[in-house]
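Chain nomenclature is as follows: A, B and C, assigned in order of appearance, with residue numbering initiated at 1 for each chain independently.
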Amino acid sequence: MSSLFAAPSGLRAQRGVAGFIAGLSPRGRALLIVTEVVLLLLLWQFLVGTLGLVNAVFFPPPLDVAQGFVELVQQGTLAQNAAVSVQSWLTGFAIAVAIGVPLGLLMGSSVPVDRVFGPIAWTLYAAPAVAYQPLTKAWFGFGTGPVIFLIVISAIFPIMLNLAAGIRTTSPSLIRAARVYGGSRMDVYRKILLPAAVPFLFAGLRQGAVLATIGMVVAELTGSSVGMGAVIIRSANTYNTDQSFAAIMLIVIWSVSMTQLVGLVERWLAPWNRRKGAAS
Amino acid sequence: MPDSAETAAAPLIEVRGVTVRYDIARTGTSLTAVEGVDLDIAEGEFVTVLGPSGCGKTTVMNVIAGLVKPTEGSVTVDGRTVTGPGPDRAVVFQDYALLPWRSVFDNVRFGLEMQQSLNSGDWRERVQNAIELVGLAGFEQSYPRELSGGMQQRVGLARAIVAEPRILLMDEPLGAVDALTREVMRDEIEKLITATGKTVIFITHSIEEAILLGDRIVVFKSHPGAILEEITVDLPRPRSERGAQSDPRYLELRDHLWDVLQNEATAASRGGKGS
Amino acid sequence: MARALEPQEGGRLVTATMPLKIVRPSRSAARGSGEGRWRLLLAAVVLAILLVWEAAVSWLQLVPAVFLPPPTAVAASFVELVVRPDFWSAFGYSLGNLAIGVVLAVVIGVVVGLAVGWFPVLRFTVAPFLWLLYSTPKVALAPLIILILGLGAASQIALVLLLAVFPIMLNTMEGALTVNKSLVNAGRVFGANGIALGVKVLLPGTLPFSLVGIQRGAALGFTGQVLGEFLGGAGGLGHLLERAAFDFQMDDAIAMVIVMVIIANLTLTVIGLLRKRFAPWHDDRATVKAG
């Protein structure tokens, strides 16, 4: 959502509605978007719920989805399955970070490792992680094992490859400056390369968080009896699509929260990198 | 080996027959960036190096800084051959090369910290002094991205002088600064540095800067980079305040340098050596 | 020209789908003779890995071959697989659906992306939604799509389209925005207007961005196709893979995964070549920097 609230920078004079919107403050524009969302939900409720233009099973109106959410909570389905999903996600993401960061550092700082390990990593990263799902099902059974494995496989490559790219693309002029002022190889690594790679690391973590969620959903949809993905499948198969939509909304909220959380940690750890007008 | 008694008369920096070639692996050929450069610079001298873009003047500076090893020839500073960067030489970079994750104060401290200079108890004072000297008092905790280009280069300057090096190497330090700030900073650099008596090599492609700052101007040509001419400037200092720009000697020098560079540019384009 | 195309804006680097994209650092240094040596080393390392794998399973029997068949068994299955006619029909089915979905995504993505990037009103009202949708895990909608469109090709194509369209749309939009700023004014100065402006300035200026999006979109679309087949559908590579794993034919299953890895990499390479062909001036490295 990087340019969500960014100021317009077109050179053309803005007129009419666009000009009005362009003149709004970031807060004003955020308010506008919220208003739009509310209007859209109202319209959806009216068209599907009241007029019945579309089959409500396929596109349950907002109030039905809210009802579905309440049902999920009352049955205890939500607490039980959300806990499983959150646990898998956190475990998988932690493993991906624990393996991806050291490997990324190694790839970034050693040319041989980069040249040999890099192509292998890029090749595996290019393939959709979902392809590994049937193998993991055979290896780990039907528990949360395959889910965690798929989360790890989904999140590890962006973390590793971004970090390595960050170290590799550090401005040569910063390295020169460090050498001029007496920096040893160790100094260059510690004082230049590592801090310079921090924004890349966080870009990788954000990307990893999004892909981890996708990996989790895919794994839970295709081979798990517990977790939010399983809830979606079960409710959809029994035509309780209001519950499916409620579960999907929760996953979306989780995904957005996690990327925002990574952004928050970045702003806290790397305040120098704060960009004006950029949300993430 | 000359010892210190003899070097009083000998130049501080001696550049002897420096040639730098780069191998281009892709085509299997090599590119000569500079060829046979000889240059003596005395202690306390302010030398401006003038030349068109890509004429290798930065390469010569990098050799003196110890960042580039010459293919042939050598550089000695105070009688010792340069094999790498050292605390006696500081560099001000054209693109500032400030660490974006450090505040102004910490960026200036960077000039000290890797030379174990932080062990001496007064380093905070030295950093603060350098910041005040370049006129950045009050901006100690700002990050580089919050500063204008001119202010960022002031940080670069403070970082260079904080460790009190004998030699300042300045690679088109005002090249990326806007025109107005450029003039102001040029005059400040003249006052600041001539007062400290440092030896300076200042690279520029501005004729005006070369004349107003230099005790001596070294004119470079390109393809390959080599020294074309050396001119001593004997205008009284501080030049900007004394209205050097209207001095007939200034005007004469300016026209002469203009002609030299113009001829060089025409010759180069006739030679058809585009790159 | 090339300068103006760099997607840089006030020091902030913008490529629409940046959070989901990494650019390989260029290998400017040590090109040439060194490259061959690295390839050799890479081949040696891959060979060594295969050897250790083979040794661990076949000779030392540290891992039961039922779980992890040795490379030789996988290679044998792979050879067997590529001569099977049902493999090729599955291959055609999957790639056909993928192609239809991606082409639809390109058409919709480019049209909507250009429109939203071009008209300020849409940019302020619609673009935020697109960003929001882009960052949500749309795979979660898969069961509902299957519920609506039924098991089979239609739902798979829809899934491919859904996953592929957003990166294409947002990259095109970002491209149109970038072009909008500088090139269009240049075009106007030289008298280009209306259709000429679109054909000569807007489209070529946006193309490199769209191609970046298409590359990403195709990769995501492949995920959509495979997922669609896992969740319900006959025919297709994903279905074949799932059946092999279900029957515990692990050598077949791994060979299928390798096929998919090859397809994915080939697709990306082809689009990468297209990018080089149609937008050689576009500097990829400018899009990485801070995320």
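Note that a contact is a pair of C-beta atoms (placed from the backbone, for glycine too) under 8 Å apart; a residue touches a chain by one contact, two chains touch by 3 or more.
Remember, it's a predicted structure, so these values are computed and weren't measured experimentally.
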Which two chains share the largest set of C-beta contact pairs: A-C
Far-end chain from chain C, centres as C-alpha averages: B
Chain A-chain C separation of Cα centroids, rounded to whole Å: 17
Geometric centre distance via CA averages, chain C-chain B, whole Å: 48
Chain C, residues touching no fewer than two other chains: 11, 30
Of all residues in chain A, the ones touching two or more other chains: 273
Residues within chain B bordering two or more other chains: 145
Chain C contact footprint on chain A (complex, rising order): 1-4, 8-12, 14, 16-19, 21-22, 29, 32-33, 36, 57-58, 111-112, 115-116, 119-120, 122-124, 126-135, 137-139, 158, 161-162, 165, 168-169, 199-200, 202-204, 206-207, 210-211, 213-214, 217-218, 221-222, 229, 232-233, 236-237, 239, 241, 244-245, 247-248, 251-252, 255-256, 259, 273, 275-278, 280
Residues on chain B engaged by chain A in the complex (per definition of touch): 65-67, 84-87, 89-91, 93, 95, 97, 99-102, 110-111, 114-115, 143-145, 159, 163
Chain A - residues contacting chain B, complex: 171, 173-174, 176-184, 187, 191-192, 195-196, 198, 270-273
Chain A-facing residues of chain C, complex: 9-12, 14, 18-25, 30, 38, 41-42, 45-46, 67, 119-121, 123-125, 127-129, 131-132, 135-137, 139-144, 146-148, 174, 177, 180-182, 185, 219-220, 222-223, 226-227, 230-231, 238, 241-242, 244-246, 248, 250, 253-254, 257, 260-261, 264-265, 268, 285, 288-291
